[in-house]
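By written order: A, B and C. Residues from 1 in each chain.
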Amino acid sequence: MRNEGGIWRTLSIPGVVWLVLFVVVPAYAVVAVAMGQIDSLLQPVPQWNPIDWNVGFVKEAFTSVLPGGTYWPATRNTIVFVAVTVVLCFAIGYPVAYYVARKAGRSKGLLLLLIFLPFWVSYLMRMLAWIGLLAPDGYVNVVLGWFGIGHTEWLSGNPYSVIAALTYGYIPYFILPVYAGLDRIDQRLLEASRDLGASAARTFLRVTLPLSWPSILAGSVLIVLPMFGDYYTNDLISGSPHTNMLGNSVNLLVQGGSQKNLGAALVLVLMTILAIGMLYYLWETRRQQEKLAS
Amino acid sequence: MTAATGPAATIGGHAGGEVELIGLEKRFDDVVAVDRVDLEIASGEFFSLLGPSGCGKTTTLRLIAGFERPTGGDIRLDGASLAAVPPDRRPVNTVFQNYALFPHLNVLDNVAFGMRYQKVKRAERERRAKEALELVELGDYAKRRPHQLSGGQQQRVALARALVLRPAVLLLDEPLGALDAKIRRALRVELKALQEEVGTTFIFVTHDQEEALSMSDRIAVMHEGRVDQVGTPREIYEGPATLFVADFLGVANVMDVEVVTSDGRGCRLRVGERELRAECDFLGSGAASAVVRPERLRVLPHGESGENFIPGMIDRTIYVGSNLQVMVRLANGGLLQASVPNDGADLESHAQGAPVSVHVPPDALRILAPRG
Amino acid sequence: MSRLIDPWGRPRWLRLTTWAYIAWSLVPVLAAIVFSFNDGRSRSVWQGFSTRWWWGDPNLSVFHDPIYTNALVHSLELAALDMLIATPLGFLLAIGLSRWRGRGSGSANFLMLVPLTTPELAMAVSLLLVFTQLTIIPFTWVALGTTAQVIGQVTFSVSYVVVIVRSRLASLGPEYEEAARDLGASARQSLQHVLLPLLLPAAFASTLIVFALSIDDFVVTQYMSAGGETVTIPMLLYANARGAATTPALNAVATIMVIVTLVGVGGAYLVLRWFGHRSGEAGGEAAGQMGMDLTGME
């Protein structure tokens, strides 16, 4: 409204300054360390001036995540674990979201409360819960014993446990947007489809599923992003280097101490991969929106 | 809303309230929402902007209120340009289409809201707000919240909230649009009475022709961002200036005719084989359109003849209660719709296929230059 | 009709899946809570009921062992500071960004989204490097520890506040503000007398979400920490969950965290419902919104 733009900009200033100081500058610090040098005590010497950047660490990081490199196993684990987890989240989460959004009837309120509950329980607490159950003398082994399945080591380097834990940990974040997407679908569209002669199954395949596709994508992005930086699930559920993911590698390099340069370079590699993924996501959602708008 | 001389006196309009739109234009990127509109609205007038959806009524109103900046032209209030005046400094108030009553304030505080910014003392604010509520007969609802009121009551709170500021001009954007048909009709009468009582200039936006015709002193019919015609309800209904206006205001029969002769006061037309006389100020000759309202046509038994009678055959008769809609097929293939009062006579004479004579009174014909 | 299908019936297997999912998602947590009352030292084998890990044991129970009490206090302290800083910062930013057009507004909008679309680990690494490597003011003022932890938590919390407040702003639309302007309020007055009161429920909901985010945060808090004084409950869980010597007191402290969060959320739900009641909006919606907003991506 007229020349009052100033007041709105003024309101934004504190937040923007904060974000510049603690998002932009730190991001630049990562670049500076990744492109910097290392001193005789193995401490990083950041290079703030782009003219003197050293691309050695970044090159090393790039080759190390490719097949044959030091971190290839971590890359491979990350890809496999993340992919399987997304598939599992879809396979379990979609029916749940669908039921709650469209078929729950009078119990919808209660079900919503119950599927929201895990959000308010810390992720680490939920991992702790499984550690007790999966312990060598824990109840999972006890119950499996009743079926004659012998003693299993779940908590040392077992990739299945890691995938199960990731699925358990992240599935609420997948269900939520999918639920919201399914809940938003106009009931009249489904009625129209049935009215035009499509069976319930065909209506689902040709109307419901395509209309919920954007929310499935959103849910997937929501769980994939944090999994690329996840080191705690592995540390808690496996503790073995065999199941390391990229997040573990970064954490070890940066917090473990001696190779912060390479750690920073690895973060750059990670962000590049994710940026490509995000661009695809944005392009795909725009395409979906245009399809619906026209 | 009668006998409210007291409250009406405190609310009563601001002197003036004369609005002039001069070449007013508003573009949104590639859409021209308001296209060089010129209007003069007199002080104390009940003026309606009438037109179909998307013709630019709301945009015109928002320009006058100051929410949109014109891309061309000027708006003057009592001779002074409003171009540089922000909405809160304009002596103009709005009754929004969905009322926009503040949900966090009760009815009284909603009505008293604007007086805060006019530096009215607290006690005075409360007194005037209460009076305004009395005026709209909601005195007992002061402590309620907006969501506890019916649609019609909310509308009246919105009205009180705007009028209590004694604006020079009150803008109303389809204020009856959200209400059901019965309440609408009742509020129409009340709103008109209120306007006469307070004497404020009302600029009223609607797409309902009946509403505009029954309430307004004058109407501007808008079409694709332009004003097609300005006039009193009667001028507009009976003397539409364009085919669009004729068509938009109720049902109109449009006939392709040929003007044979005209002398500035009357003219002769040819419709198929027949000749008709019309009262018109149309000069010249050639192809034109003739518009006639269904209720002006008279359907008589076959055989009646004389000036301005056209023979035809009944194509269809639709019973609508208070009258009959009779569709008459003419010899040249054209169809005329006539509205015949339901006087209780038997419907046989209007049965399908019956031959009839249609009388077109010369003063009912309106001659317009042909389309395009 | 050879097959009898009830067209009004609900698909049974879907219902079964849903309830199985709910059991799967909640039973392990309940089990962990139950184990905090275990009589023995084990966190995986039930040895009878006792409250020794809660308050019975004079040295090792949650309320007596300083490791737990310190972590509890520090967690709450960080949450309070995060709420105090992130809510007003994000609230103003949301209002500003929703109206500010012109130079810089696009970048500001983009910047606001960065913390939501970056793995927390990347943020944690970047903050660690900037506080340990950059030797200019104001970064030299910040040492690892409580200050750095608060900064880190505020940085990602702000974006959530912005998302929540903006979604509320979007649902309000421009009409109330226009009505206020029409009635003579200036831009600042309409902000103060109309927009702020109407945004109060959103501000309140976002404060609560900031609280929950802070209490549950692990990665950034760990990276910004400096020694025993700055350990939070999630950090304790991470460090001790696998420890052979760890007692069910760890389960007890985790349970306290869950209870604190749930009580906060439940209370917030009631308050929001009351807000909703007053202005005539559906009460459940605001609370449902809280769940939705947690994801921040919608």
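What we mean here is this: a contact is a pair of C-beta atoms (placed from the backbone, for glycine too) under 8 Å apart; a residue touches a chain by one contact, two chains touch by 3 or more.
As the structure is a prediction and not an experimental result, all values here were calculated from the model.
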So which has more C-beta pairs touching, B-C or A-C? A-C
Identify the chain whose mean C-alpha position lies nearest to the mean of all protein C-alpha atoms shown. C
Need the CA-centroid distance for the pair chain A / chain B, whole Å please. 58
Just give me the whole-number Å value for how far the CA centre of chain A lies from that of chain C. 17
Rounded to the nearest whole Å, what is the centre-to-centre distance of chain B and chain C, using the mean of the C-alpha atoms as each centre? 55
Of all residues in chain A, the ones touching two or more other chains: 1, 4
Where in chain B do residues touch two or more of the other chains? 67, 86-87
Provide the list of chain C residues touching at least two other chains, using ranges where the numbers run on. 181
Counting only contacts in the complex, chain C reaches chain B at residues 175-176, 178-186, 189-190, 193-194, 197-198, 278-281
Footprint of chain C on chain A - complex, ascending: 1, 4-5, 7-16, 18-27, 29-30, 32-33, 44, 46, 92-93, 95-96, 98-100, 103-105, 109, 111-112, 114-133, 135, 137-139, 155, 168, 171-173, 176-177, 180, 218, 221-222, 225-232, 235-236, 239, 247, 250-251, 254-255, 260, 263-264, 267, 270-271, 274, 278
For the complex, give me every residue of chain C touching chain A. 10-11, 14-15, 17-18, 21-22, 24-26, 28-29, 31-32, 35, 42-45, 89-90, 92-93, 95-102, 104-105, 108, 111-112, 114-115, 117-123, 125-130, 133-134, 138-139, 151-152, 154-155, 158, 162, 181, 187-188, 191, 212, 215-216, 218-219, 223, 233-234, 237-238, 241-242, 250-251, 254, 257-258, 261-262, 265, 284, 288, 291-292, 294-295, 297-298
Residue numbers of chain B touching chain C in their complex, please. 65-67, 86-89, 92-94, 96, 98, 100-104, 113-114, 116-118, 145-148, 161-162, 165
